[in-house]
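The next block holds one structure in the form of C-alpha cells; read it before the comments.
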Amino acid sequence: MSTLNRRGFMKVSGALVGAMMAAGLVTGHAFAADYPTAKVNTTGLAVTDTTVKVGILHSATGTMAISETGSIQAEKLAIEQINAMGGILGRKIEVIQEDGASDWPTFAEKAKKLLEKDKVASVMGCWTSASRKAALPVFEKDNGLLFYPTFYEGLEQSKNVFYTGQEATQQILAGLDWIAKEKKAKTFYLIGSDYIWPRTSMKIARKHIEQHLGGKVVGEEYIALGDTQFGSVINKIKLKKPDVIYAAVVGGSNVAWFKQLNAAGLNSSKQTMLTISVTEDEVLGIGGENLAGFYSAMKYFQSQDNDANKKFVEAFKKRWGKDAVIGDVTQAAYLGPWLYKAAVERAGSFDVDKVQAALPGYEFKDAPEGPVTVEANHHLTTKLRIGQWGKDGQAKVVYTSGYIKPDPFPKGYQ
Amino acid sequence: MTLWEKMCASDLLGGKQGVIGLAVLAAVIFLVLPLGVDIFRLNLIGKYLTYAFVAVGLVLLWGHGGILSLGQGIFFGLGGYAMAMFLKLEASDPITTKIQSTPGIPDFMDWNQLTALPWFWEPFKSLPFTIFAVLTIPALFAYIIGYAMFKRRVGGVYFSIITQAVALILSILIVGQQGYTGGVNGMTDLRTMLGWDIRTDSAKYILYYANGLLLFGAIFLSKYVMSSKFGMLLLAMRDKEERVRFSGYDVSNFKIFIFCLAAMMSAVGGAMFTLQVGFMSPSFVGIVPSIEMVIFCAVGGRASLIGAVYGTLLVNYGKTVFSETYPELWLFLMGGLFIAVVMFFPNGIAGIWDKYATKYGWFKDKAVTAKKPEVSTTGVETHAVLTETLSAEAAAATESTDVAASVKKTTRKKAAISSPNIRGAEA
Amino acid sequence: MFGYSMAEIGNIVVMQGFSGLSMFTVLLLMALGLAIIFGQMGVINMAHGEFMTIGAYTTVMISKVAASYGFTDYYFIFAIIIAFGLAFAVGYLVEFAIIRHLYKRPLDTLLATWGLSLVMQQIFRSTFGAKEVSAELPEWMLGSVNPTPDIDIPINGLFVMGLAALVTFGVYMFMYKSRWGLRVRATVQNRTMAGAVGINTAKVDRVTFALGCGIAGIAGAAFTTIASTGPTTGTLYIVDSFMVVVFGGAASIVGTIASAFGIAQAQSVLQFFMTSSMGKVSTLLAIVTILMMKPEGLFASKLRK
Amino acid sequence: MSNTDFVLAVEDLTVSFDGFKAVDNLTMYIDKNELRVLVGPNGAGKTTVLDLICGKTKSTGGSIKFNNTELTKLSEHEIVRSGVGRKFQNPSIYENLTVYQNLEVSYPKGRGVFGSLTFKRTQEVEDQVRRVAADIMLTEFLDMESALLSHGQKQWLEIGMLLMQEPELLMLDEPVAGMSAKERDQTADLLNRICQNRSVIVIEHDMEFVKKIAHKVTVLHQGKILAEGPMEKVQADEKVIEVYLGH
C-alpha cells in the first residue's frame, strides 16, 4: 500500500480504500508493531512508537472562550475515547493545547508554534472565520493539517483543512425552502452580525429568496459585533412586517437581540424567525423562555434520537458535567479526531500528504448527527435539520433534509 | 580623546551610562537573540520589537511630555494597514484570484460584492507611495487630532479619553467597512513584497534585522529630540505648562509635534509588524492594544527609551510563556503588573535599575542623573497644587502683617484651583 | 409617505422614541456612578464596567437562588439592593487598597484601574465560567404594554426607566440635601479646609468612590433585563459612559443627564436610518468633534481661574 | 483709542465672570522705567489685572496697549514675545531642571518647534545665563537641581528666567512671599536694579516692602481704582484707609 504514490491517485485510491473498507479489509484495530515509526512518519512529525502529538487550538480566554469551550471539550472527549480504544495505529494521542485568546494574530502565532516547534501531526482548532483566515497561511506554508469545526461562509478550500461543519449553502438553502413552503413566507427580513459569515450567508439567502423562492427581501441589517442595543432595528422590522426574520446574530449580541425582541412584543406567536446562529450553547445565555417557538437551521441538535447520539450525549455529560449542553459546533468538533483517526488508518501513515489524500471518500457512520461523508473538496456531505426551540432549551427536530453535498463556491450565488 | 571617550561625553547618547545601555541593547537585539533562539522565536521577538516603536514614542509623549495617549493603536494600525494594502494588492494578482467573480481584487472585496478596486486603494500599488503613506498619513492624522485638542488646551485625562474614543471609532469603522478593509478578519495571507517572499526563514532574518535597525533609528531620533532644547522644554511643559507659555513658547505646537512624531514611530512599527507577521487586523487598532502598549512603556520605565524596549520584550515574553502554560493566570498577572507598576515602580525597570546602579556606584555620571526626569507628581493634579499653594501661603502668612487676610485669601484661591477643571496643568 | 400610512409612521415614532429613552436610561445609570467618581473626585475608573458586572452577576445568582425557592416574582428588588451593596463593598476595598494612593496622579489611576479591570474579568471567568449567563426575569417583567394595539412598550424598559429615575433622584438628594453630600462637596471644593473643619476627608473619598461603584452595581442589575452577562460585559459600555460624563461637563449631574439623553437619542435615531455601526461611528464622531470645539463639555460652569 | 507714549496703556478694561465684574472699567498708564505697585484687599482684582495684561484671562471689554500694540487680541506667547514678562504668585520654576537649565530654557531663541530642535548653547547664551545668575544671586547654585533651592531663591530664579528674555515690562505677583527679612531687602535691591531699563508692575501686601520699591502705587478695590499716586499720598487717602489699611 505504501508503495503507491497517493498524490497521483487521490481519487482512485480513495475509492479503492472505500471499497476495501466496505469489504472489511481495513479494520479499526491496529498495532504499533505493524506500522514502524520510520515508515509511518517520514516527515519528522512528533510521532513515536507509542505516541502521536495532536494540537488543540481554541480560545480558552477572551470573548470567544464562551463559544470555543464546547469544542475543546468535544475534541478532548473524542481523543480520550480514541486512546481508550488503543489510539491511532497503536499510538496514544498526546494533546498539546494552545490558547488563541480570542485574538486572531495569536492563532497564527500558536499555529506556527504547534507546527514548527511541537511538530504536531494534526490540529483540531479555530472557531471564528477570522482566526481560521489568520492561521490558514501558516498551515499551508508548513503543510499542517487542520480540522475546523464551525459552520462557516464557504468560499474557501484548502488542502490543509478539513471542514467538519457546514458551508453556507448547506445550511441556508434547504432551510429557506422549508420555511417558505411550511409558513407560506413571501417577505423576509435579513439580520446578522457585521462580519464575513453573516454577510456571505445573507448574500446567498437573498439570491435564493429572490431567484428561487419568488419571495422578497424587505430589509437587510448588520449589527456591530458585541452591540446590545436593538431598539432601532426592532422598530425597523416592525415597520416592514416581514413574514420571516432570517437571523445570523452571534455572541453577546444574540442574547440582547432575543430578549429585546420579546420585550418589544415580537415573540414566536406573532413572528416567525429562522436563525442560523443559535445552537444549544447559545440558548444557555439567551434563556429558553426568550427563544421558545423560534426555529434554528443546523445539521445537529442534541435532542436527535439515534444510538450514536445517545451514547455521545451520555459520554459528554459524564465527562463534562450533567449541565453540559451540546451544540452543532461541539458535535462537529467531536468529529475531528475521529476523522483524523480514520484518515491515518486508511493511509497507513501519519504523513500529512498521505492523510489528506486518504480521507476524501470516507463515510463516518457513527457520527452523532448521523452518517456523514468526506468529499473531495474536504467538506462533509450532511443533512440539514430544522429545530424548534422549547422553553427547556432543547430543540425539537421538525424537519430533516436529504443529504446535501458541500458546495463552497456556489455558482449563481456569488 | 578616544572614540569611547567622545561617545561618553556626547550629550546625545546620554553619557557613559547611556552609551553602555545602548551597546548592551544592540548586543541583545543583533547578537544574543538571533544566535540564542530559533527562527520561530526570533520572528516572535521581531513582532514584539514592532510594539517597541510605539513604546519609544510613548516615552517621548508620555514620559517626557506628560501626554498620555490611549490611542497609539490608531497609528500602529494605520501604518500596518497601509503596508498591508500594498502587500494584499500584490497577493491579489488576476492569476491567483482567478476563481473570484472579479479576479485581480483582494479576496475580501470579492466576498463583499465589490467589482472594482476602490479609488483610495489605487496608489497602494506603488511601494514608494506606500512607504510615504506609512510615514505621513498617521502623522497627518495625529496632526489633525493634536491641533484640534492642544490648540484648545485639552490635556490630561480628557486627552486620554478622547484618543481612546478615536481608537474606538476607527476600529468600528474598519470592522464595519469590511468591503474596503477586510473587516474583523483583517487583511490576511500576505505573501510577497515586490516578488520577494516574506514568509521564508531568510526573509524573516532580514526583516528582523531591518526592524532592529529602524528601532535604533527611532531611539537615536528620540535621543536627539530629548537632548535638544525641545527635550528640555518638554519636561518643563510637563511640570509647569503655564510658565513655559509665559516664557514666550506656543506650547500647543510642541505638543502637536511630539504627538505627530510618536504617531510616525508607531506607524513604522505597524508597517514592520505587517511585514514580519504577514497580516494586519483591527485587533491592533482598538482600545485594548492601545492601553497594552502603554503598559509596555510603563513597565520599562516611562521616561527611559531603552527601558521601554526591555519592557515591551519582557511583557510580551511573559504573555507568550504564561498563555502557553497557565492561560488563566495571565490576566491576573497582566492586571497585577499594571497595578504594581503604577503603585510601586512608577519608573519601571529603568527606575529599579537606576536605583541599584546608583546604590552600588555603577556608572556614576552626574550630568545625566541630574537631567533624568522622574515621574512628576506635580503639575497635573489638584491635590499636589493645593498642598504646595498652602505651604507657600502658610510661609507667607507667618511673615505677613495681616494673617487673617491671608487665610481668607487662601480659601478663595482654593476654590478656584480645585475647580473641576483638571485639564492639564492649568489649575 | 414611503408607502406607509400615517398611523404606522406615528407608531414607529413613538416606539423609536421609547427605544432611545431606554438606551438613555442604561447610559445614565452607567454614567451616574462614573460622574460622581470622575466629576467629583477627578479619578478615572476604568474598572467601572466591572463593577457593573458585579451587579449583573449578583442578579443572575440571586435569580437562580430565587428560582430554586420559588419566589421569582419579587427577587429583583432584593437583587438590586444586594447588587448595590456588593459593588459598594468592593469599591470601598478598592479605594482603600489602590485608589487612595493615586489621587495625585490621575493618569496613573487610569492605568491601575485598567489593570484592576483585567483582574476582575479573570475572577469572573474563573468563578462563573466563560459562558454568558442570563437572569430569569420575573413573569411580570416580560412582554410589553400596548397603549394601542400597534404600539409595544417593553415592560423591562419601563422598569429600568423607573429605576434610573429613582437612582438619579437618590443621587441628587444625597449630594445636595444630605450631610454626607455636603461633606463630599466640601472635600471636593477644598480638601485642606474640609480637613481643617473636622471632616474625615479620607473617609469621604472612600464613601464617594464606593457609592459610585454601588450605582454601577445597580446599573448591572438593570442591564440583565436587556442582555446577558459575561466576564467581559463591563467593557461594552465603558467608553460610551466616559463620553457621556465628559460630554456633559465633568462636574454636573444635570449635564450627565442631558448628555446621556442626547447621545442615546442621537444614536438611536441614527441607527434607525443608517447601519448600526455607522450610527455608532457618527454619534461618537459628533461627540468628539463637539468636545474638540468645546472641551469643557456642555454644562461646565464658568469659573474664575 | 489713541496712541500714547506710555509703555502700557490700560483703558476701560473690564472682565466679568458670570456677571461678577472682577475688573471694572479700569484705566491705568505705566511709564517707561516706572516701578508700579498694585495693592488692595483680597478680591480687589490685582492678579486678574496681571492675568488680563499677559493674556491668561481674556477681557470682556476695553483695551490694553503695550508700546501702542493692542494686547487683547494676541495669544499668550505673542504677548510674551512682544516684551511682557510675568511671574506667578507661587514660584513657578522647572524643578527637575538645574538652575542653569531653567535659565537656558528661558533664553528667547529657539522658540519655535524646529528652532528648539536645532538650538545650540552658544557663548552668547552662556554669557547671558551667567549675567542673570549673578543678578539674582544664584551664581554658585547654577548646577543645582532647582527643586533644592530655598523658597526665596526659587522666587529669584523665576525673576531671573524673566530677565533672560529682557522684557520691557515685567509683572511680578507677590515676589517676596515666603522670604526672610534679609531676602526681602535683597529682593528690593534687585527690583530697584532691574527697573533701570524696564517698567515693572508688582503686586505686594507688605507695606514696608512697597515703600522701599514703589515709584507709584495703585490701590484697587472691587475691580476699580480707589487711589493712585506716590506711596505717602495714597497712605493718607481716607478711602484707602477705610477699605484696606483700616483693618
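Here the chain labels run A, B, C and D in written order, and each chain numbers its own residues starting at 1.
We take it that contacts are C-beta pairs under 8 Å (C-beta built on N, C-alpha and C of every residue); 3 or more make two chains touch, one makes a residue touch a chain.
Source: prediction; values computed, not measured.
A.B. asks: In this assembly, which chains make contact with chain C and also with chain D?
C.D. replies: Intersection of chain C and chain D contact lists gives B.
A.B. asks: What's the overlap between the neighbours of chain A and those of chain B?
C.D. replies: Chains in contact with chain A as well as chain B: C.
A.B. asks: Specify the chain most distant from chain D by Cα centroid.
C.D. replies: A
A.B. asks: Just the number, please: Cα centre separation of chain A and chain D in whole Å.
C.D. replies: Averaging C-alpha atoms per chain gives centres 76 Å apart.
A.B. asks: How far is the middle of chain A from the middle of chain C, if each middle is the mean of its Cα atoms, in Å?
C.D. replies: About 38 Å, centre to centre.
A.B. asks: From the C-alpha centre of chain B to that of chain C, how far is it in Å?
C.D. replies: Taking the mean C-alpha position of each chain, the two centres sit 31 Å apart.
A.B. asks: What are the residues of chain A that contact at least two other chains?
C.D. replies: Within chain A, the residues that touch at least two other chains are 60-61, 194, 222, 224.
A.B. asks: Would you please write down the residue numbers of chain C that are in contact with two or more other chains?
C.D. replies: 125, 275, 277, 280, 303-305
A.B. asks: On chain B, where are the residues touching two or more other chains?
C.D. replies: Where chain B meets two or more other chains at a single residue, that happens at 172, 175-176, 328, 331.
A.B. asks: Which residues of chain B touch chain A in their complex?
C.D. replies: Contacts found on chain B: 38, 40, 43-44, 47, 99, 101, 107-108, 111-113, 172, 175-176, 178, 183-186, 188-189, 191, 199, 277-279, 281, 283-284, 320, 323-324, 327-328, 330-331.
A.B. asks: Spell out the part of chain B that touches chain D in their complex, as residue ranges.
C.D. replies: 224-225, 228-230, 232-233, 235-236, 239-240, 242-251, 253-254, 257, 370-371, 373-374, 376, 378, 388-389, 392-393, 395-396, 399-402, 405-406, 408-409, 412
A.B. asks: Can you check the complex and tell me which residues of chain A touch chain B?
C.D. replies: Residues of chain A touching chain B: 60-61, 98-99, 101, 103-106, 108-109, 112-113, 116-117, 129-130, 133-134, 136-137, 141, 153, 155, 194-196, 199-200, 203, 222, 224-225, 409, 414.
A.B. asks: Can you name the residues of chain B that touch chain C in the complex?
C.D. replies: Answer in residue numbers: 62, 68, 70, 148-149, 152-154, 156-158, 160-162, 164-166, 168-169, 172-173, 175-176, 287, 291, 294-295, 298, 328, 331-332, 334-339, 341-343, 346, 375, 377, 380-384, 386-387, 390, 411, 414-416, 418-423, 426-427.
A.B. asks: Quick check on the complex: what are the chain C residues that touch chain A?
C.D. replies: 4, 8, 11-12, 15-16, 18-20, 22-23, 26, 125, 129-134, 136, 142-144, 146, 152, 154-157, 225-228, 230, 232-233, 236, 267-269, 271-272, 275-277, 279-280
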